[in-house]
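The two complexes that follow have subunit A in common; it is paired with subunit B in the first and with subunit C in the second.
After this line comes the complex of A and B, so read on.
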């Protein structure tokens, strides 16, 4: 069941209605069933893999809690290793079967007919499972005694496909807490849904249509100006697509009385890279900070608590970003993307050692703008290997470096990107994600009506087949 | 504090105040009013005069014109007796006006035909068109124009989704489809569909405009694709062109998908009491000479001729099995050199001769009892 489809729309609407009509004791069970129904609609094997992961972690969490008194670190590590192994089997399985088949056919043997495919959103589930076990070990959370609740946490459909990555200790209590879907909650949910659809369907959709069609396939067919602008458009597309998706899911989740983590917070207004990662894919960044960066950094600082502990300035950010790259996909280009971003943070850490900060904390406007521009430009450059494989990344970068010609950019994507920045600016300036709720009623109704019409247009733009031209 | 109008005791409770509930309803109504206003504006003559054609979501402009022209034809004349189906070959070769006139001259009876050929459509997709035409217009006769060009490897692999998965078609065939319903009834939504046609070219509408102008000039009100240009049949076909043509045929095996498509089309027609005539579409002999630049035959020539013979056997077998008529222009009736638009499309001159011949064949088939007169109720 595709997210942006009438089927999903019907599924969500009917789920919300049934959920709100059901007696309290059946509400979580219904959420679980609806979530598995949604997952099975993609592929029943995905649901089977998720169920196995759920059963294992539920059982292991009980075991871990019973053995909290024991100091043996391997009790936790074993659970984490099982989760990672399970993930790697799927993550690397498809490629491994492919390689094995090549070897088998070269040796004259018959090839293996099955392949392994990473279940949708599985990387999120594995990271959630790991944090769940770690939190229990660190006594930050208690193991869930209710399998139904735990299974709902793992399978909850609004976060199933692309997050946000939720911590058990924050999510699970919401499943037992009384909640009210009142006027304020509905306003927030509707705002998030409209904002999500505006970003993911209207803005990201328009950018998909307006980006030169084969710029990421044959970059050298385009001028350097187009290659640079193509990258900027891609950056805005990625942001609007992902941030819009998360907002949409958060809005839907609000109707089930569950608040999901905000995943993006005006990242293009970041002043530095550390700030950028506090604003971009927040749930993953925070997970990496808490479960990779901090433990590593703590271990370095235990040995040498100095501010100028160079290994501590280099290794934890680099490892954290490499893990982030690997989490996005086990490919060399994504590892490179991680390494480049790790490099940016590392350089920033080293610079901070030598550059004194303004004690008043006030930064002049031009410095803010310059900071945002530098961060955005470098983040976009790093996004080349995020979007393309290594050989094409090289060609793309060459296309920028050789700089063959200046030409006038197409103004239309800039209008779309301007709207995207304007939405961000309202939120950034007011410091309130829901600033739009305070706008006048007539303005809101007009904007919603225009959004609905724009969605119809852009949705169709994206679905249209290529023009048939009679030869 | 507003009093809650809905209060249900659950773990997660819904509590909407009356005032807020009313606001939600008013918002929904205002959005609906806005959309209706858009629809009214799009229906206005001012807007409609600026719309080149009604778009049905296929992004195939000739197809959209074909639908629009057919609707206009039916509004004017009622449903036609027969439909011509196929690709660009029958579109260019069969002129229903000439066919009707000749038939009337020969029999004294009228024959109202509409040419519903769609360029680039496969025979397999034509089955969907046939299903739609049967459901909506209950014709008496289908004339399916085809030849070996419809059964190449390229046609086997051709993507028909623009027709087969078209939401408007799905709706027309009785399936529940919101998108198809909107296309059918909303002028505004058809404009949205038209806007989507430029999406593939980054919202550049040059190609759409060009195609639109071409079909508005070439498609007659009976769906025939009119073209005056004359091809120089004596022009030597260059090796490069021959090789590119042959590439479409891959390993020279017949497209099973399209053979089966033709079979299902005839079966479907028969089930619905629609008679079917399959007509071999003519092509110029130079098309199958396959010479290199020195004038020597290419090695692929034999494979190609084998494919053509195999197709003949297959078509004969289908015609026999389904007891439908299969006609081919006799060798004795050569089309003049001025009849060709290119090596496998006829121009206006060629189509006149071909349409007359077809009318004669239909008249004689009716007379001999092989066909029931298509214009009788």
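After this line comes the complex of A and C, so read on.
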């Protein structure tokens, strides 16, 4: 069931309607059934894989909690290893079957007819499962004694496809208490839905058509200016589609009385890469920080507490970003993307050794703008292997550095990107994601009318994106 | 160990090891991470400092900007942890 489709619209409206009519004790069961219905609409095998993962982790959590007093680290590690193995079977299995078939074909044998696809959103489920087990071991959470609640957490359809990545200790308590959908929640949900649709359909939809047609297939057919601008447009497209998607899901989730994590916080206003990763794909970045970066950093610091110790500075950020690259897809170009971003953080850590701190925290405006520009430029360069395979990435980069021609840019994408930045700026400047709620009534109505009109234009031109899958 | 001793140890660690300004008059409620004065690597350093100085382990998911942004917050978390032992 595609997200941006009339079927999904009908599904959400009816789900909200039925949910709000049901007595509290049946609401979680309904959410679970609706979520599995949604997942099965993609592929029943996805639902089967999710169910197996859910049963295993629910049971393992009980075992973990019974053995909290035991010091053996393998009590936790075994659970984590099983989750990762399950994930790798799907992530790498499809590729392994492909390679095997190539070999069989070359050797003259008949190929294996077998398909193995990574279930939609499975990488999120695996990371959620791991953090759930780790939090129980760290005594930050208790194992859920209600299988229905746990299964609902795992399958909850607003976060099922592309996150946000939710921690069990934050999500599960919301299922235990009665859902509250008051006026404030309705206002926030509507705001998020409108923002989400504006970003993901209007802005991302327009940017899709304004990126030069085959620039990511044959970049050298274009001038260097177009190649650079194509990259910038892609960055804004990715941001608006992903941020818009998660805002839409958060808005829908609000109608079930469940708060999902804010996943983007004006990332183009970041001052450095550490700041960037606190603003971009926040739920994943926080997961990586809590379960990869911090444990590694502390482990190295215990051996040598000096910040100047080079392994302390190099290994944690590189490993963390390589894990991120792998999570996005087990391909060499994504690992390269991870390594490049790890490198940026590493360079920042090294520079911080020589730059004196500024305890007042005040930074002049030109330095803030320069910081944002540098971070955005480098993040976009790193996005080349994120978007393209390795051979095409090399060609794309060559197309930038050879700098053969200066063209006047097409103004239209810059207008769209300007609107995107303006939306962000309102939130950034006010420090309030929901600043739009405080605007006057006529302004809000006008903006909603413009958004609806723009959405109709986008749909008529068939620019609306397919469901955003990340990864 | 009373609260003022803990505050002083934390302040001294932050000023000497993280800010590299031992004589800086750091206020107890002065934000450190949220204003970008120090980075997330420094959070790991704070975690290890608390382990070494107070023999208290604070789990990684709790070492966040929301929980540990000021000397006051760090001190409160240490006291909470010590009372639970």
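Methods note: the second predicted complex is superposed on the first by the 459 of 471 C-alpha atoms of A that agree within 3 Å, B and C clash if a C-alpha of one lies under 4 Å from a C-alpha of the other, contacts with A are read in each partner's own complex, and residues count from 1 in each chain.
Here, a residue touches a chain if its C-beta (ideal position, glycine included) is under 8 Å from a C-beta of that chain, and two chains touch if they have at least 3 such contacts.
Source: prediction; values computed, not measured.
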{"item": "First (subunit B), second (subunit C), both or neither touched by A:27", "value": "first"}
{"item": "Which superposed partner A:460 touches (first subunit B, second subunit C, both, neither)", "value": "first"}
{"item": "First, second, both or neither for A:351, with subunit B first and subunit C second", "value": "neither"}
{"item": "First (subunit B), second (subunit C), both or neither touched by A:13", "value": "neither"}
{"item": "More subunit A residues in contact [subunit B versus subunit C]", "value": "B"}
{"item": "Contacts of A:180 with subunit B and subunit C, given as first, second, both or neither", "value": "first"}
{"item": "Which of subunit B and subunit C A:294 touches, first, second, both or neither", "value": "second"}
{"item": "Contacts of A:302 with subunit B and subunit C, given as first, second, both or neither", "value": "second"}
{"item": "Subunit A residues contacted in one complex by subunit B, in the other by subunit C", "value": "none"}
{"item": "Subunit A residues within the subunit B interface of the complex", "value": "6, 19-25, 27-28, 178-183, 186-187, 209-213, 256-257, 410, 412, 441, 444-445, 448-449, 452-453, 456-457, 460-470"}
{"item": "Subunit C contact footprint on subunit A (complex, rising order)", "value": "131, 135, 138-140, 167, 271-272, 274-275, 278, 289-291, 293-295, 297-298, 301-302, 305, 307, 312-313, 316, 348-349, 352, 356-359, 361, 363"}
{"item": "Footprint of subunit A on subunit C - complex, ascending", "value": "17-21, 24, 26, 30-31, 35-41, 43-45, 47-48, 51-52, 59-63, 65"}
{"item": "Residue ranges of subunit B in contact with subunit A within the complex", "value": "2, 8-17, 20, 23-24, 27, 30-31, 34-35, 38, 57-63, 88, 119-120, 161-162, 178, 189, 192-193, 195-203, 207-208, 211, 214"}
